[in-house]
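Dumping the structure here so I can ask a few things about it.
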Amino acid sequence: MGEISCSNGIGNGNGVNGKTHSSLNGYRKSCWYEEEIEENLRWCFALNSILHTGASRYQDIALLDTKPFGKALIIDGKLQSAEVDEFIYHESLVHPALLHHSSPKTVFIMGGGEGSTAREILRHKTAVKVVMCDIDEEVVDFCKAYLVVNREAFCDPRLEVIINDARAELEIGKECYDVIIGDLADPIEGGPCYKLYTKAFYEHTVKPKLNRGGIFVTQAGPAGIFSHTEVFSCICNTLKQVFKYVVPYSAHIPSFADTWGWVMASDSPFTLSADELDSRIKQRIKGENRYLDGKTFSSASTLSKAVRKS
Amino acid sequence: MGEISCSNGIGNGNGVNGKTHSSLNGYRKSCWYEEEIEENLRWCFALNSILHTGASRYQDIALLDTKPFGKALIIDGKLQSAEVDEFIYHESLVHPALLHHSSPKTVFIMGGGEGSTAREILRHKTAVKVVMCDIDEEVVDFCKAYLVVNREAFCDPRLEVIINDARAELEIGKECYDVIIGDLADPIEGGPCYKLYTKAFYEHTVKPKLNRGGIFVTQAGPAGIFSHTEVFSCICNTLKQVFKYVVPYSAHIPSFADTWGWVMASDSPFTLSADELDSRIKQRIKGENRYLDGKTFSSASTLSKAVRKS
Amino acid sequence: MGEISCSNGIGNGNGVNGKTHSSLNGYRKSCWYEEEIEENLRWCFALNSILHTGASRYQDIALLDTKPFGKALIIDGKLQSAEVDEFIYHESLVHPALLHHSSPKTVFIMGGGEGSTAREILRHKTAVKVVMCDIDEEVVDFCKAYLVVNREAFCDPRLEVIINDARAELEIGKECYDVIIGDLADPIEGGPCYKLYTKAFYEHTVKPKLNRGGIFVTQAGPAGIFSHTEVFSCICNTLKQVFKYVVPYSAHIPSFADTWGWVMASDSPFTLSADELDSRIKQRIKGENRYLDGKTFSSASTLSKAVRKS
Amino acid sequence: MGEISCSNGIGNGNGVNGKTHSSLNGYRKSCWYEEEIEENLRWCFALNSILHTGASRYQDIALLDTKPFGKALIIDGKLQSAEVDEFIYHESLVHPALLHHSSPKTVFIMGGGEGSTAREILRHKTAVKVVMCDIDEEVVDFCKAYLVVNREAFCDPRLEVIINDARAELEIGKECYDVIIGDLADPIEGGPCYKLYTKAFYEHTVKPKLNRGGIFVTQAGPAGIFSHTEVFSCICNTLKQVFKYVVPYSAHIPSFADTWGWVMASDSPFTLSADELDSRIKQRIKGENRYLDGKTFSSASTLSKAVRKS
């Protein structure tokens, strides 16, 4: 998430008078961020500071400066992304789909208000137009204001930000896209995003808006050896009913305390070897990936026995 | 500790765009201040924000905005005083001694850099000169800057702030005082304040600097039914070897999760009834006490059986 | 790791082969009991072991061995009493009322299933009959089985245990009592005990069952400088509408992290001095009180300014 | 509350009288196991009970019943293995090396006192002799007594348990082994196992004790995208100086909140395909693996970009 532009002097390691102090850790470990991963499982980060807090019509939002994972974006008490390892999530969400496409020019992001997904897409030289459609204007404004690492992306003329329900937007829109990316909250029954993970939605809303050869990819919740049964397997199986080719893959994200999953789907086959992926990365992506390369994707898309079987 | 003058917009209950949100509590309970009262006992406050942090040559210092106790001053990971109940500590430390004195004009504070002890003394109409002698300039500057509730006190012309070791200052000074107040950290063996609680110090440094009829009072650590044996009983017994009249008293301070103790000592007897105390409070103290009155002091200075016996 | 066939030896401080080990604390501080005192305030005890757990139709119940406070009885996630300081609560609940009565022979306990209240009453030589009426048979059985300290009391022939709603029992019973003691959960609106704290209940159910000169006493919830407004003031004011003489008093209970309150009420005046109380304690009570004596009660029944005023 | 005379029935989900209760979770979430993964990062499991505790000359040991991960073996405040996912660790440690060996008859385990490593080895039909050499007799006895899942392994006549320092044992022994397995604590500088991860140890102690075609494998600490630099990369690089062929691999273990690493090394090449691994699994291993198969190993041994590069 990069640097914060304006700051209150917290956590810069300087004392009142700019003097440094050796045992500065003493009081700092007194402040903790605590997340309930599940009802019986907690994950706690020592805090440097609470940088910003806010709330929208839909959600509470906070930007914390944590000791183990740097700046962390929290929505409704759940970690969304952490400075030190959000690249794993966003590179995994964006690059496999765009790289497998022969020439991805237009991309639609469902959700993605944080801006990191757009940032990764905009690194692709082929990208001409990126539409980010998030329902929560305050989250988008919050991230625009405070996430310096995505500031350049938010200013990129190829990016169009729309505040709307992604489903409504896709349904009323006339345009089709080369790649559609789902960067939404997990499908909790009764939750706001539930309908954006159904067979009907994929079949009647998403698929018709893909250009020929188009690829759909979505984050797919936790994909750990136990947690994959929550939503990952289900999303994967749902997509298999709608698309001819479906590739699930996963990666361990330290700040999430779990392995995370994504699923990529298309009616065109995914045929690139690790070496071909590497060569497309070199040709098409500006800057260097920190996480994803050909071999990493090979490994990520070979699920472990227990996950594969269910 | 009152309001904070300059602020970063944290914890004001407004969202990014000033919109309020009903379930604002969700993410906020995610952030906690945690104090180890003892090795096996923790006390945790939900946090609104980490307002300021700093460090001096001696200590780490932080000002937190906590949900249960308001703004809290933390030094080296230990709560020093909390906005909502610091009046119990400071009224108890200051008023009994000053009220029992026939006309307290000059007061010396050992420590007290937070400013709240000076604030309470300066409410006494008889006070002509208050010397606050704290070793840690950064703490004094931090509190001057951020504790709005003490700002008036810090500006009072009757207050003289000296940055020095209280013992050295008393030893080199020529002046004597009507009341000397010990507002120092507990005497931990090997700790910085240990020597300021010894018989030798009371006899050779403090007592000679008291005017005739003078009174010494000191905070005396936890005074709960179990915790009083840590330092409270000991301070009390030490003072009895040096002064003719010694009055220990105590009060429960919610944010400390314990009953706290103070000891008042003099060679003149303490003879005021609850009603006489109340009438002196009315005559001498500007504004109204929130905690201390005559009956409260009667109760506070009648220790419970177990504490009294040891 | 599968099932464990046989078991135990928990918390006995011995290793597998009975060898002791110096740094035994290492792993032990890993296990904690955590209580939410309020939504924004937590109180955590390091655990030695989880001795027993159970559940009744009404409540969950657990007996923990905690490091700071010894064995602790937990009902529905709330600490009921802790080995090291339950004597403060139970001596305060029982002795002031029984001592102020000229000759308390019969006592009715509403609730009190733990047995400690009965234990304290049975120490009074005047006591001839004690009725403990608790609605939760499983809690009574649990405490009978596991609280060795109350075992003698549970076997005392003067004690009659009735499993019933205390209100129903008082209403159908014909007998009157010298002292009636309320040892029930706090009156939370909508909670199970709410109706046992109303004016109607005191007037029509309790008072008619008191013998002439009879005394009613009830635990009255937290009585700290802030927390007394929750229920303590209210119970006190309610009782003043029903009885001529009402004496509220309070004491800090370390394991509760708060000052606790009780209220004693009668149509006969409470006139004993501290010395008279001490002499009745000597005459009437077997064994020595650990907490309550005359001076302690004087102090406890002199409320601090803020509590007194509301 | 005094002593408890007899005991138990913990965690059986039954109340005092065997009645079950719907909201049993209330009090249970009050008890937590808390581990400091690093100084600034905590991982907390709700507890059902503390089953057993003990201590040896070397270490503190506890068996906890946790809600999220089942029974958990804790040594010196660090989780060693948890019932629900220890199979990931132990299958990964044992099977790749034994499967890549043409016919592993004799195996030496350095450490492994828990018994799970032996259990996995003994599932191999080729295994004739397994020597487990652990320094801590009490840990071995504790695990023998309480880990029912390994009871059969501990009774297997092919297993020989030796209480000794693994290095000393290898040095004095005359025998050579087909596979040597390192199941020791991480090499912390100054820690007890540090010397068992050095080039000298691998070269002069381990390698000479391998039969021709023999394989050495060791657990190699955390192998996450950040944590792999702690010891994993180093162990891998050290082994490359001693053996011709070195295969590092990793897997996410939920209860460890991290990806874990192992390194396999030999002077004979590792040439099996995923299918060949699967067919050897079928031929040689009794029962079915829960984690490891050919594809899983392919994925596990293809490290992600960041880990591979360092």
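Order of writing sets the chain letters: A, B, C and D. Residues in each chain are counted from 1.
As a working rule, a residue touches a chain if its C-beta (ideal position, glycine included) is under 8 Å from a C-beta of that chain, and two chains touch if they have at least 3 such contacts.
Protein identities per chain, from UniProt: A, B, C, D = thermospermine synthase.
Just so it is clear, the structure is predicted and the values come from calculations on it, not from any experiment.
Centroid distances from chain B (thermospermine synthase), each centroid being the mean of CA atoms, peak for D. Residue contact pairs shared with B-C exceed half only for one pair among A-D, A-B or C-D, and that pair is A-D. Taking the mean of the C-alpha atoms as each chain's centre, chain B (thermospermine synthase) and chain D (thermospermine synthase) sit 54 Å apart. Inter-chain spacing, taken between the CA centroids of chain C (thermospermine synthase) and chain D (thermospermine synthase), is 49 Å. Shared interface positions of chain C (thermospermine synthase), defined as residues touching 2 or more other chains, are 29, 32. A complete list of chain pairs in contact reads A-B, A-D, B-C, C-D.
Taken in their complex, chain D (thermospermine synthase) has these residues touching chain C (thermospermine synthase): 1-5, 7-11, 14-17, 19-21, 23-24, 26-35, 47-57, 60-64, 70-71, 73-77, 81-83, 86, 138, 141-142, 145-150.
Residues of chain D (thermospermine synthase) that touch chain A (thermospermine synthase) in their complex: 25, 29, 32, 38-46, 66-68, 84-85, 88, 224-227, 251-252, 254, 257-259, 289-293, 295-296, 298-300, 302-306, 308.
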